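Note that chain A is present in both complexes that follow, paired respectively with chain B and with chain C.
Presenting the complex of A and B:
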């Protein structure tokens, strides 16, 4: 974005704005204003013409007003003294006969974001709450929230809160929703808006008048209400039944979450709800909007975690289509892994197999890893497919297959034989660090079953000088020492060379230390070394498999329809951990002129 | 009653003030949905920004640019990008990224759906939604955004209500405005805001009363090598254009309503009536709207209207490959298949193709390896075909995967699911409206593997 010439531009605009002829001609004047706005949107700092813009606000022309207000909202916090001049006009507009002008002025005034403005806006906002036009009331209600934010840490105004609570009864549905939004913000410290029985039932009654946004937000607010009795609970659920079939995915999701949370003591109901939203959810998964598909797929995965068989009969919906973006394909492959069962495994594997040769290496590898994870249950078929893929001799494919093998032999020792037979000749098509590590590890641990294992490792040792990844060298050391235990005759010479290299020539300290460590271990005697290296390993059937057990719905019900399923829980925890440091950043940006952190280098 | 109501609330509120610790266990709800919006083109320029709360620095987009760089193609930029203090949700349409900056936890589908609504609105206002058009109409864009969201919350998003607040620019109006100096802004408040039916304004008047319904079905299908269907699904919508005076109450019934699998409705449709009688009963919004959308996915119900015969072979030894495809109609109920377009991404090893089509035009881009063939209409007596040879890069081995063929087509006057509207009746008004219904079938994501 070019910032050059900002000064010239401002000077030129100022000249144009103060030109008497231009001021006389409404259209010409408006065009100048347009130019100012355009500059502003380009990121040029045009706050220099603030004075002229304030003058322009005194007009009957509503478009001109809109333009000027837009400008002021952006720059008022930098020119608070000058902005005060505009407040007079704004106050006057707040009692204009045209409700649109009133609303516009009120909204702009509340968005000025400068210190000391509260005292000027308080009265207009209060008047606005009682305005006869719903348009103005909507603006005024949200204005209350903006006003509270400007005041910062001061006491919550009880009168205002009561007024807003009573406006929940307003006949205009958007005013009702705005009241909830405003109260939520004003009462944030106290835990947000309170949903008691009369309010909850009132909202339920108004549900059908609301637009989709209102509906999904009200559904989220209703999460706070705890029905008193079972009967009330089921009344609520049946009232909201239609929301599960709404045309808007966000309403469907919000309703699902509410059902799941409310029915937390009735697993039957929860399952039933998940069956009922299957249709809408699948529709969202195949929707035109890629982004919706993505978010819906993430939630499908979440549900599958609890009900593994839930989407099994619809597995074909999760087949990737050629033109889909990568992030959808990746999600779909994950879903396919999770819904595999005895009936569809053949088709799913067939499908995944065809993705393994995708043009994009990332997707191809994803597909291979997916097959690898299905292999934990359907070992034989998957190992067959993976072995066949090695025949293609493609670098990225071989690498992924070997990595999948490495992860597999640990969990399913019964496939070791098959894997070992597939390994020879893999090393030819292997360039990346991950793949090499996996291959070397496999050769080290199961080398006694691979006839040419020492010779493959020898190759690696020969080229160790040109090896760029220290991790590969470490892996090579460990593997060779292990293999030495089983096939000493073939390995002794190579191991000697490698140890010599690591200790005498290697520059990476970690590798060198590891070399020394093994050297000393071997000095302690072969029996001792064997005892250390070949001692029993952890039992694979414990940790990982336990993790795969079905998670009860209640575990994630409160996370449904949030960003947690999109990121994955662990990842989300990392993201939000940073936020905890500055929780006020989102909630109460300080009313003072912007600080460096949230400032706007945009206009620098 | 009202007084009682507010007293209870008050009481509750006070109780709550007394025990603040309880509150922290509540699910935090985002107080603001959308903090800021950035519009970014595919070359990475921010060409429009709008802030509903404090100004968020443009530098937040750097995280987006990083993600954009990492993704090889624009389509692959992930829709949700976390940053240290915000998260960015984006949708990519018309070669523009609409990036929403969010500071608190939000339901992702809500924001994504809203962003799509913004794009739809722009498209509705300007006919096309492109960077140039948005820049040209920047003021209207700002006005619209200002009305669509306040303090980060969606306000007016129904396009017929928005259009009353801010009139869309038309060539005629621009000319008239320049002469008379009048504006795009409606002088009066939309009456719909006070109507009992929130999606319809009161006092609608037309000289010609008409109601048109378009049944549009898109087939998504994956066909395997041998021509059998792997998956097939119909996504249907009924779009309506209703211009009726007053407050008409319509009912629409189908010959075969059981066909409709999972249906979702415009909020105007009375859901209870549909559940019990399978009849659509509604007071329509004024103008264009989507009445319902549905899916037909039971595989035996989905007819596949075209087939592709293909013979694509890469030989290991020679540097020439053979390529031959023929397109023909299958289950079209006697209707003509038109607007057929075949595209296929050829493997990297294909250097060039020399092909002869029996009809239509074809192009092959040796750089992107994209083959496209504009077939046009299918004449069942003389099936269109495309034959020829491919020159392959010498020395490379046979590609692992044969190319996938994507197909586009249109069939007028046919809803491939067999859905038929039985009748449309109007109550509540006296005049006789003109009624019309049209059917159309299109290819959605229709691909044939070879």
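Presenting the complex of A and C:
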């Protein structure tokens, strides 16, 4: 969004900053700095006042320093020569007696992105690693990672890496975790930080000192460690036992993942872990914070893929409450579908039935499709419920029910009779393409059992000229031709009119081609057409054997607690498809997309 | 980890923007606004993916907080971090609203600097942060204050600093419980659970060790092995707690072995434990709904609420909230 008057804003700010009176009054000066930052946040380019900001950094007030450094970190790449002037102050601050100032200066210096900064920051960072205040050490460690990013593809400094490895034994827990993170980034090309036996055991000992973020990350790093013996493996598992019941859901998830991956050769242990984590997961699914609830539900669905009966007895926890947002209700419905069993099917169906009349059309349709998928195992009850829903004569409900029927008839031919009896009641004007297609398909394939099928289809043919969806027209053609095979007398006239329209008047080429195809087929003779179109079907009493193979836990264990269950596998594949091709961000200004508005990737 | 953190108001204007890593561009700010805040349909999910970048967001009243990342991160951790961010901000200036954010602009930037370095969460304990980031700005500190702060920021006990002194040592305990009930339309109780929090306000000097006990079922069973049946007779009421989680300061090892909660409390107000019970719940109210259809255009709903408390107890400010009625589109 173009900001008019950007130049005026900059000029005004420059005047305000250079004002002698403002400089004398600390609070007033700070307000001016605030205005600069505010403009920066809004997207105005205020890099013009860099000079004045550099002068402002020479102050004893820490808050003022922070504001100036924040500004400089954002704009240093635009004005590298001026930024060099600030380096002096920054270097001086790195030796300030106050550890807070030292830490702040070090952090800001490492975040300045400009060519040639490496030579200035190398020494302060190395000093910082040995600083006696742990606050400074924390900043210095991450500073190493930032430094490495600036250097891009150059060789990794072995001395630095060794120093970081030795800092893993630091007494401050946050320094330890920062070391792991920094090493991971620096050694990215070599596969990240190496967790060998002494390091792994050291980390396990320090787990109790770490805060929730640290524990989460260490548990993720421990995934790399391969215990040498079964005894060691079980020792580790018992040491980390407490993390499964931690108060922080992210630690619980990280611990679960670690256990599942470590115990990949012991399916018993894996099942045991999943049983023990049931409680915390259920607690997360019913927590007040919706986002955590959502993340937990995604993971529950993943577990149900392998252990369908796992949460069956707790099905009530997955009933939707009125005020929940849409995305949680959708997830809960899918979970309910998967945990249905003989004992709870009645209750679950009752509950889903009440969602079918929800105000939100999407939710109602979702509930109907859920009942449709449960119908594959519990056909009679579900068909009964769905037929009853037709009686409501609500457009979106009818449409969803008919679609559910279509899918069901395909998989469970034994319910065809019941479905066909219900069909005559849903001819009323359905507006959406999906519903119409489903209805027409059903009438075409099972039309001989539905007495007024030809007349319903005739209705559609009458209005084919005003039909907007080509898919519906295609379906109509196919269905009529099929029905014609079984009830020629009734359908001949209608079919003729439809074919005439499709060939002579239809503008969509696909539909026209299909019409031509059927016309020529019929020209070859009815017997010939029948042979082509009505090939023998399989015995309806056999039903369909669906691939119900449960996915073994090991298939998804490594994706637990990442974004994969949240997005769903298909979506994630799309997201990561181009990751490998993206150039590594070297960090030099011409390549860095951080500069406002230049060369950033386009967002769809 | 987290590449950037943005805070917007309800109109989609950026209030705070902080980018931590190179791979997030300025466009990310606008992308979120266009695709999520101003999206025409209902917000689909708290995690959105736009151009291979993941946007996690949390909404507090009218304010949107968004965390952006391009890496494959742990969703639960990002959300927990956003909640922690909100908690810290609330601890400093109360309700999270546009006005409060605009007034405490500097403070929030300082906090963002401190809590997230290079996108990785650092020390986020409110108590520790409050000692060196104050709303009045940092006054020049004496040497002792400096060493005190650094020792707390880096000390073994991160949640309490040494040398706290009060004239009167006081301790307040609040137990806040909420009963959640799910009922079928016929009035049958489908599921009920109680979720409770024990909140403690401690104004104690030094580094006091406190012990906290509950009449947990397991304790009573341990005391009298084999007399589990007699608990009813002896009149001791025991409760079965399904699961409980504690504040970081509680020593869990002692809890497992002796079922005693011992801890050194942080100064001020904090949540000691959170627990959930699903058995033996005595519901405070009975809700009896009666729905009657009068003709095709009228619906009569009668809801009777009976209290299960003793008649001698009086209550004030009881609020009964009913979700607004909706009607299916009738022909």
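In the analysis below, the second predicted complex is superposed on the first by the 568 of 604 C-alpha atoms of A that agree within 3 Å, B and C clash if a C-alpha of one lies under 4 Å from a C-alpha of the other, contacts with A are read in each partner's own complex, and residues count from 1 in each chain.
In the analysis below, a residue touches a chain if its C-beta (ideal position, glycine included) is under 8 Å from a C-beta of that chain, and two chains touch if they have at least 3 such contacts.
The structure displayed is predicted, hence computed values, not measured ones.
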> Which term applies to chain B and chain C once both are placed on chain A by superposition, clash or fit?
Replying inline: clash
>> Quick check for you: in the superposed arrangement, does A:11 touch first (chain B), second (chain C), both or neither?
In response: neither
>> On the A-aligned overlay, A:60 touches which partner chain: chain B = first, chain C = second, or both, or neither?
In response: second
>> Per the contact definition in the header, classify A:221: touching chain B only (first), chain C only (second), both, or neither.
In response: first
> Just chain B (first), just chain C (second), both, or neither: which does A:174 touch?
Replying inline: both
>> Between chain B and chain C, whom does A:38 touch in the aligned arrangement: first, second, both, or neither?
In response: both
>> I'd like to know which partner A:199 touches here: chain B for first, chain C for second, both or neither.
In response: first
>> In the overlaid three-chain picture, which partner chain does A:213 touch, first (chain B) or second (chain C), both, or neither?
In response: both
>> One more residue to check, A:165. First (chain B), second (chain C), both or neither?
In response: first
> Which chain A residues are contacted by chain C in one complex and by chain B in the other?
Replying inline: 1, 34, 37-38, 41, 43, 61-63, 66-67, 70, 98-100, 107, 113, 133-135, 138-139, 142, 145-146, 172, 174, 177-178, 181, 209, 211-213, 216-217, 220, 242, 245-250, 253-254, 279-280, 283-284, 286, 289-292, 294-296, 316-317, 319, 321-323, 325-327, 354, 357, 359, 392, 394, 561-563, 566-567, 575, 578-579, 585, 587, 594, 600-602
> Within the complex, which stretch of chain C touches chain A?
Replying inline: 1, 13-17, 19, 22-31, 42-47, 49-52, 54, 56, 58, 72-77, 79-83, 105-106, 109-110, 113, 117-118, 120-125, 132, 137-138, 140-141, 146, 149-150, 153-154, 156, 158, 182, 184-185, 190-191, 193, 242-243, 245-248, 252, 274, 276, 323, 326, 328-329, 331
>> List the residues on chain B that touch chain A in their complex, please.
In response: 2, 5-6, 8-10, 12-13, 16-17, 20, 22-24, 26-29, 31-32, 45-49, 51, 53-59, 71-73, 75-76, 78-80, 82, 84-85, 87, 89-92, 103-110, 112-116, 138-139, 142-143, 146, 150-151, 153-155, 157-158, 165, 178, 181, 183-189, 193-194, 198, 220, 222, 230-231, 233, 235, 261-267, 271-272, 290, 292-293, 295, 297, 345, 347-348, 400-401, 404, 406, 445, 447, 449
> In their shared complex, at which residues does chain A touch chain C?
Replying inline: 1, 30, 34, 37-38, 41-43, 60-63, 66-67, 70, 98-100, 104, 107, 113, 133-135, 138-139, 142, 145-146, 149, 172, 174, 177-178, 181, 209, 211-213, 216-217, 220, 242, 245-250, 253-254, 279-280, 283-284, 286, 289-292, 294-296, 298, 316-317, 319, 321-323, 325-327, 350, 354, 357, 359, 392-394, 561-564, 566-567, 571, 575-576, 578-579, 585, 587, 592-597, 600-604
> Tell me, which parts of chain A touch chain B in their complex?
Replying inline: 1, 26-27, 34, 37-38, 41, 43, 61-63, 66-67, 70, 74, 98-100, 107, 113, 133-135, 138-139, 142, 145-146, 161-162, 165-166, 168-169, 172-174, 177-178, 181, 184-185, 188-192, 194, 196-199, 202, 208-209, 211-213, 216-217, 220-221, 223-224, 242, 245-250, 253-254, 279-280, 282-284, 286, 289-292, 294-296, 314, 316-317, 319, 321-327, 351, 354, 357-360, 392, 394, 558, 561-563, 566-567, 575, 578-579, 582, 585-587, 589, 594, 598-602
